[in-house]
Every structure is written in structure tokens, then in C-alpha cells.
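Lettered A, B, C and D in written order, each chain numbered from 1.
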Amino acid sequence: MAEGPPNPDFERVVRESFGRQSFMESLGATLEEVAPGRVTIAASFSERLCQQNGFLHAGVLTSIADSACGYAALTLAPPGHDVLAVEFKISLLRPARARRFVARGRVLRAGRTLTAAAADVFGSGESGEGEELVATMLSTVISRPAP
Amino acid sequence: MAEGPPNPDFERVVRESFGRQSFMESLGATLEEVAPGRVTIAASFSERLCQQNGFLHAGVLTSIADSACGYAALTLAPPGHDVLAVEFKISLLRPARARRFVARGRVLRAGRTLTAAAADVFGSGESGEGEELVATMLSTVISRPAP
Amino acid sequence: MAEGPPNPDFERVVRESFGRQSFMESLGATLEEVAPGRVTIAASFSERLCQQNGFLHAGVLTSIADSACGYAALTLAPPGHDVLAVEFKISLLRPARARRFVARGRVLRAGRTLTAAAADVFGSGESGEGEELVATMLSTVISRPAP
Amino acid sequence: MAEGPPNPDFERVVRESFGRQSFMESLGATLEEVAPGRVTIAASFSERLCQQNGFLHAGVLTSIADSACGYAALTLAPPGHDVLAVEFKISLLRPARARRFVARGRVLRAGRTLTAAAADVFGSGESGEGEELVATMLSTVISRPAP
């Protein structure tokens, strides 16, 4: 990446695409950092998003981690490309008891077609205090000319 | 399972627990079949649950598949136990263009502490016609005395 | 697959490629069934292939399952293509105490570039009796013109 | 870990157990660093361990990564415990063209029963020069009183 990302306009592309993900809005998720190879997405605890014991549902953590991996890949894609998750695996390390969650996605290896990405999901208090790793994801993302 | 599931009341336990998953309600997901070692959860396409191209977000498919795996494990757990996903992997085989999705979870191997489960997610028309496999999950679930 | 696999000569291609995998020979693994979308690889217990308790090392089960997934994908690839595993996940359901192991790979979805495959690994007695599922794999395979 | 690992004798335990893994010897793999929560295992390219194109078989990388994750978990286990992989996922980021490979395992979260571990596998020249990430694993390990 000595020469910078292939699309200098990557941040606008990522923010526009994120703005079209209605599911992120339904989760109350917000797009935080967008840097070459790195994207952070945050979501807060909500009583509408719980599993049976009142913790955040694993599906919510997974959804923001999946989007963080996909958008981390998109920051390094050529202009006019779109990304799609091929598969991912998530390990749930602690119950999601926190008030706020951030998924930090990063590219491990960007290929022409496939990108390997990872995301760590941290839980914390409302203002980010007491951050603790709650989940970690490995993902494969495919990049293609946008339809 | 010649002797039947360890908790004869498994269906009530699963339905009660599912009823407490507020996230499933937020997704409009419904609990369909509940049988020993098998649970089906359905969800319909909604414009609130999309990714950037207007298909259902992978996180939604993943969430119902995760719950289907967890509850398939719970059907075989002893009375007074609860389940929690340790990890899962999902392969996304086709874009989620369908109108209706069902996640069919099944237990592969029920151990004392850990249960291996799998779920296939099928997309179809509104009434279940034209069913096609869109995703498949492998999951590890831990079973513990309920807190 | 109504029209048959894209390479009618798939079995020869798979058997030749398997014959070049020196690691399969080192494991004493043999290629059994080769059918469109399905490949079976077998290996026997050996004292050279164990983990610390004298069971077959998980890496051995994984290696034959990985090759079974890759070759299942290769049976459906066009002439002149080669396959490579992008990633896989394996769940180890039981200790590998058996004498003989067969990995049965099958294609879940064959795309132009990526193929999703799965393999179940069964353990049994020397002659295949008392077969029991010991591991299950989900894999993503990429197909490309051979180098 | 302010108080140090629960078994002060962890290094001896790990080295003894590794010494009993005949499969590691068959692969020519060696146990390098053993520290609390961290284990490194190395293996060299060999013509006996290849896939169809003459690169190291993914199963070899996976096997040393699996052992590195398991032994990283064992460094933090109580005296008299043994570990077993429950499952793992590996992403293969580059063809394994290198001459030497090291799998660096580390514990992400050590629980009473389950430990989440990760391993990165690097390829390099014979003397470790030109190191490059070729694969990355996420693993779940179970710890139990030794049989």
C-alpha cells in the first residue's frame, strides 16, 4: 500500500454503501473510522436486540463484524467495485453484557478477487470505558465490478 | 435417542426461550418446527433488513441460523439447562434475493457440555415455492445449568 | 448437472492430481470414489500419525477432508482448471479412536470461480464396520486455469 | 495473568506432550517458543508433504497451527489437565511456496472449560528471512482433567 488505496475516493464509497444498508440503520449501528484496510462500526445495547437472557444477540455482533470486514475490504477495492461476504466464522468469547460494542475490521490480505479480513468486537461502557474483547471474526470477501 | 430427549418438555422450553429473544421479534422471525434435535426458524424479506444492493443482509440469515442451531441443541438438553453459541461459521452460497427464508437447524452430535449443530438456510417465494439453498452453518453450542 | 460435469474426463484429472499429492502418500491415504461432485478419501490409523493420547491427529483427518473437498470441486471444474482451498472449518465431534477413516467430500454449490464443499469424516473398524461421524468440514475452494 | 500461569511447570508439560505427538515428528515439526499463552511450532518444506503443484499441503500448515493453538491453551491450563481441539477454521492467504513455516499460536481468551486461540502461519526462507503471512487460524480448545 505504499502507493495508497486503488480508489482514492474509498471513504465516500464506503459511507455511501453503508448508508444503503437498511439493516445497519435498524440495528442503530453507525460507521465510525474508515481508513485504508480498516473500518470500525459501533452499535449500542438495545432491548430490541437481545437473546433469551437479555444480552445482545450474537447475530447483532456478527452483523456489525460482517459489515466491518466487508467495508474494510471495500476500502482497498478498485473504483466501481462492490464486495460480498463469501463466508465467515465468529468465536464468541464472552457474553455480550456491555452497553456499547465496536467491531474493528481489518484486511489481512487483499487479492484481486478475494480478500481475507478479520474483525474484533469489543464491548464497553456507554463512553467506551472498560473495553473488553467479546468476539472475533475471520471472513472471506469477494470483490467484483458493481452490478 | 431411542429413549427420547432428556427433557420431555423440550418444546415448551424452546418456545418460551425463543419468545424472550427480542431480536427474533425485531427481525420478524418465527419459530416453526420444534422436534428432538431439529428446529426451524423462518423470516421474510423486509426493506428494513437489507444490505447495500437490496438483498437481505447476511447478518439476518446468520441470526436465524444461529438461533436455529442453538435451539436444536436445547431440544436435547437436560431440564433446567440453557444454551449459548460458542462459535459458528457460515458459508453464503447465493445472494439472498428470495422473499422468504427458513433456517433448518439440526444436531450433529450432542455431548454433555458441547453440542455440534448445523443449519441450512433456504430461500423461496412467499409460499415456500422454488426453495434454494442460500447458506449453510456449522456451530458449536455450550449447554449449562440456566443462570 | 442434468448435462453431466463440464469435463467428461473428470475422474482421470482427479486421480492424476491426487497421485501428485505426495502428502496423501505420506499419510497412506487412498482415493476411493470419484463421482461428479463427490470424492471419498480413506486413511488408516498409524502410530506415526498420532496426537499425544495415541489417537489420530486432528491434522490428519483435516488433511484428507480438505483434499476430499478440493477434489469434489475439481470433478465439476472445466477442463484445464485446477483447484485450491481458500479456507475451511472443521468441527471435531469425537476423539479419532477408530482404525479406519473415510472423508466423504461433496459439492454444495459450484460457482464459476468459487465452490462451496463439505466433507464428513467417519471412523470405523478395519473393514468399515461400526461407522461413526468423527468430524465435519465446510470449505471454500477456488477454481482457476491451471498454471 | 498477573499471577502467572496456573501451572508453573507449563513448559515441561507442553514439551512432554508435544514429544508424544508422533505426527509432529512425521512432519519434521519442532516446538520452538513456549511461553504463557503463546507457542510456536516450525516445519520445513519437504517433498513428502506437498499438494499437486509442489507446494506444502494445506493440511501440513493446518496441523502445525492446530497444535500451536492447542499447546498455547495448555500453557494456561491447571496441572493435570489435557487439551483437545473442538473445532478450528483456517484461511489460506497465499500459496505455501516458502521453505520454512512457523505457526505462532496465542490464547485469545482462556475460560475454565473452553479456550479460544488463534495462530498465524508465516512462510520464510530457510533462515527465517522474508517472512510473510500465509495462513491464519481461529480455534476452540477444550481443557479437561487428563484421562
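The rule we apply is simple: a residue touches a chain if its C-beta (ideal position, glycine included) is under 8 Å from a C-beta of that chain, and two chains touch if they have at least 3 such contacts.
Just so you know, these numbers come straight off a predicted model, no measurement behind them.
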*Using C-alpha centroids, which chain lies at the maximum separation from chain C?*
A
*Would you mind telling me which chain pair, B-D or A-B, is linked by more contacting C-beta pairs?*
A-B
*Where the centres are mean C-alpha positions, what is the separation of chain B from chain D, in Å?*
33
*Quick one: report the Å distance separating chain A from chain D, using the average Cα coordinate of each chain.*
28
_Between chain A and chain B, centroid-to-centroid distance (C-alpha), Å_ = 23
*Can you list the chain C residues in contact with two or more other chains?*
86-87, 89, 91, 116, 138, 140
*Hey, which residues of chain C end up touching chain D in the complex?*
17-18, 20-26, 47-53, 57-60, 62-64, 66-67, 82, 84-92, 95, 147
*Sites on chain D touched by chain A in the complex*: 89, 91, 93-94, 108-109, 116, 118, 133, 136, 138, 140
*Under the touch definition given earlier, write down the residues of chain C that touch chain A in their complex.*
86-87, 89, 113-114, 116, 138, 140, 142
